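First the structure, then my questions, so here it is.
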């Protein structure tokens, strides 16, 4: 992200973008059944939100606990706009509603940002925390606009169909979101390669020096926040269309927290990190919660382990692999890596079994002690299933013990070779 | 101090690049700069020497707007800059380096330099230009890169450069913006003889036609570069003169050089 | 008279409770610079563990054992969780504790169930301490205030009688240099974190039965304690203390004030009807906005005095 | 006093020291010379346990390689890093106080001695060390280590950024240390004082010792100087 | 045929205990229904879906369950969620004719849902807050000791509704009673209620009416005990999971409740359910609406001879049946169930008329009065659009 050669135009990039567009187009065809569409739509909105958030955190080093303020307020304005349009008082087509959200978000960026961006670092983080709590509390105090705890609802089907599109069916909404997602991704990416986008990196690394190359760091932060709050607003507008409801939780610290979480899972050091993060995050918080009551435990575990062992997020892992591949070292690590994963598998499985049975024992014991796990009925009162689970974990750990050193070895060699290649290259 | 050592009164001399008039700075109770007067003509290379804690870096910080003055006045090319913010001063054509390297550690060497040229090329806070398409920025960065001899490290993050390389980049960033008044704070600190000689060459090369003000303890460098030396002791400029005269100056000897120095620089 | 007196008394005691909650965080946050989002979770753990212990061998042992247990846990967390992350800067540390708070809530629910548990106030501390006019002041509140003050004294002694504070500050900027001078930095960090957690645990032991011991109890105190620490000022224990009292009194007195902007205008003769702009805004009484006052304070402080009340650094 | 045998040091994969042998006798000042990047700092860091190394490092005939830095410090080895690592948020005096080792009273030096050495520090005692001038920071780090009362002190480029006058001063103080029975391992850039104050000098090049002898011998040996010190 | 009902309520987070309890209640009754063939050969199954207490999450879940082919949903915790679901269900049914969904509301008590916002697709089986207040006030009216009433509630729609109704009805029935205070506090944020108690005391109230639930209610009552405030608390939700434990002895003889049923009713009607529930889940059954819902749904399915929601909905309109709290009737005009209401006081159990305690606290609800359905009846402003 930080180093780009002088390349007015670049074919590889074109290919990449078209591939991206294709994926967006094809996704609903692949994940058509069940709640697939609903999930995809949600991911789309969160992706935009994540991109906007990473403009602050990843690229600007501005840790915000209150970014939901901008997406949330954007969403509220969007939904009121929809209701006006529905009542025929404002001629705004649904497809343009995200713009309303974006502008609203931006407006609040201008307003709040002026205050918050006066400071950087921890102070900034704390101000945003205070701000989000303020906005959240007030949102419950003014039900006229925020609709109290029930929120504001709307009907996204405005007027009659325009060339067959009413935005009633989810699929149409998905494509609307996909469209905006694509546009936002392109623009945000473009932004990262503008003077402002680069200077904010400089501000992240060393604000003091930036002052001595002619830039007012406060302004840089302020402008970036305004831009990012625009995209946050867009995602808010889209979620308003998608859910047809906006409520206080849209401006809550929890929302802000979760986008921080997701973005970090994806990897704040990479442009595409937020996109990854959104996918994983939504899968965890929406999909998993349908299958198991322990989803929060899994999310917590996954997250803690990730932070602990890959602070660069999933993005960093991916990039490492890509790098090894790029330097033709993948063959060297592939085998050992495979073994490690193979070893990890039973361990994870065993863990999941244990957790599920524990939950069953403590929460649903009343409905009989039998728990159906992956199609197998296990009686949580008998030792057998526990032994199996324990055995699996043990096997996994032992396997890991065996496989890990080989992998470490291979990996180090590979990275050594790569390092050498780079040095000889420069 | 006596009148003969008094720095040339700026009023009489035309075309002053930088003028300090009775500049004072105190932190809390302690007054660090006690009415410093100094005038540097355009194109002049002036070195500031003085004991540790005399206030050299502080003086730089005052000139470059890092600290506000307590009193007095600083003029850049005739215009008053005291009270302005660092970035404003920089935009007026004054650029400085730091005693302890102060880089954008996660950005590549190339990006460090490109960032440094953006404002001076008028791109300001633009978020509509594509960096990749800014040929002038690219060329300027390349040029500096080549001047400081770091082409081979162009894609290396500044953080992992060796000490000497970092010092070079430090200078590169300082001059990249094309400012015509350059302040360097101990540019050769921590370098070996050989490296500092190289550094001197570099500095001479990149500051042709510019006004240079630098702090330096290494007399070799000082006498090698400067065509004028200002001696700062306890926040006062006790002398400002040509190298030969300064060398002869007893007051300077006692205050700064101490005795039997020459061995090493011979 | 009675009303104002008790409002004040309530304010102070609430403030002291806040201090009890946040003192541990002050230690960790403002000295180690780690925004420990799991602090509230440690508070909850303290409550639950105390509940279990006190149901077995009584409240007083729990008062000692629970904090110790939580402290040890905290130390473990620092040793195996945070220490390796230190080199990556604050954000990973923060997020680690963030994820940890998730985990702890879940574990608590696994072990103690989702509903509230019956963690009763010990008999000898139950009941009124004294009764002024017609209002009685409960013993337990007094006990809470006492413990809070004890905490203050304890921490103050540690920080002034030992060099721990200095070493930590030093290690924050140059850990290697600090070690080269013969300070076992990692161990100090571990115990400071453990100590902070133990304080949270103690707060839990006492807050748990004063209020409700339930899985949601962590979330409810979550952000207010940050407000206290930040308003008080980084690195300042006294600041945190003053801030807690300030917020406590401010909030309780605010509850007593049923004035709104509208009523104010009303007294000045201007009448406010639903027609007037910002009608809703004007009708919010101070009492209703009591809950947001701390955050308002936080934002204002950070804007106008980023150091915090008695802070030494930003 | 200090005895280093066949020391190999690594930064991750890059092998920086290739079997260095070096020793310092009690009450001796030994200088370690060499170009930038020769590996001198790495050597002292390795001895201090801050860089992973193999071989043997003995202090007072005790093996200290592999110990943690703070343990080594307690064994009486002092280290003044080349990057002036003052604790910026603490005052000058607090910095000095931190130098003392807890539970180890009655060392050779007191605060007063330090202020005596560099009066400048006394003047600045109450300001945060972060705002000190470059040179003042250099003085502070030196004094801070002395407060720990080491038996052998390793100093990495102490005269860096010091005014010539102070440089000569530092030279004298190092002699004074010697008088107090403290051995000194001095990593220097400036030949002049190194030659002047040390009994023996080592010259290092490419991570190995290329010369060992008295200053006189080094002066005599133009070849070594030419190859390993000058350009 | 197996009729599946999606139970969309909090199953994780702060409100999980309540949600869990009510889900279990549904499932227990469903079992009984299936064993007793209430719906003929059709069986009824209730499956829980976690909405984490949030309106938005609920809509996501709604989408999900519809995708999975559910045609009946039920929800009760929070009118906010209720209104959101109601709105979403209407939209869905309008956009997807032939795939209609019916919303069986068991506890969302915002009056609007059966007045201005009433819908053919929505049936409410709990008494709405106005009805409860009507009953409550008519119980308070004859009590001459009540002179000064203080209203305190959480600062959101329901809290506002309670306070509005209380003032209005008391003014109607007992103009002499003074409303000495009316407070709104943020939900779930107040740790220390003593300042509010001090206020109530200062106002000289002898009676407090509150719509608080959860910790907000428990803490309020504890603070009252601590400050030794001698006033009765008339609550809506003193019975919900968690409150009894938290309230404990502090609430004894001080806390009153208005509900549509209580275990210790005059005939201990429904004790078999209570005991079965205790036996199976070691928890207390109190959500009697679950019984009404399953009963009426079964009857409707039998009557309509199909599980098709539209037909069943028509069958439900105006249906009468017997439930735990006596005869009940689903009013055609607004789909608001008409039922008897009960008022009780938190008291030590005595094994006789106060047989069942809650959450093993040794305290239970003593029935003070049974109020007949008509007393609580409300006029409705509902204009319902019916399909076809």
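Note that the chains are named A, B, C, D and E in the order they appear, and that numbering of residues resets to 1 at the start of each chain.
Operating definition for what follows: a contact is a pair of C-beta atoms (placed from the backbone, for glycine too) under 8 Å apart; a residue touches a chain by one contact, two chains touch by 3 or more.
To keep track of the chains, here are their UniProt names: A = Amino acid/amide ABC transporter membrane protein 2, HAAT family; B = Amino acid/amide ABC transporter ATP-binding protein 1, HAAT family; C = Amino acid/amide ABC transporter membrane protein 1, HAAT family; D = Amino acid/amide ABC transporter ATP-binding protein 2, HAAT family.
A quick note: this is a predicted structure, and the numbers were derived from the prediction, not measured.
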Chains contacting each of chain A and chain D, listed by label:
B, C
Contact-richer chain pair (by C-beta pairs counted) among C-D and A-B:
A-B
With centres defined by CA atoms only, which chain is the most remote from chain D?
E
Chain-centre distance (mean CA atoms) for chain C and chain E, in whole Å, is 35
Computed distance of Cα centres, chain E from chain D, in Å
78
Suppose each chain is reduced to the average of its Cα coordinates; what separation in Å results between chain B and chain D?
30
Two-or-more-chain contact residues of chain A, please, as numbers and ranges.
137, 141, 143, 296, 363
I need the residues of chain E touching at least two other chains; which ones are they?
20, 155, 186, 189
Mind listing the chain B positions that touch chain D in their complex?
27-28, 30, 49-54, 56-58, 99-100, 162-164, 186, 189-195, 197, 217, 219, 255-259, 261, 263-264
Footprint of chain A on chain E - complex, ascending:
11-12, 20, 24, 27, 49-50, 52, 54-56, 59-60, 63-64, 67-68, 78-84, 87-88, 91, 95, 155-157, 160, 186-187, 189, 280-282
Of chain D, residues touching chain B in the complex
35-37, 82, 120, 123-124, 127, 131-136, 138-139, 157, 160-166, 168, 189-192, 229-231
For chain C, which residues count as touching chain A in their complex?
33, 35, 81, 84-85, 88, 90-92, 94-96, 98-100, 102-103, 105-107, 110-111, 113-114, 223, 226-227, 230, 234, 280-281, 284, 288-289, 291-292, 295-296, 298-299, 302-303, 306, 314
Please give the residue numbers of chain C that touch chain E in the complex, ascending.
2-3, 6-7, 10-11, 13-14, 17, 109, 114-118, 120, 128, 131, 134-138, 140-141, 211-212, 214-216, 219-221, 251-253, 255-256, 287-288, 290-292
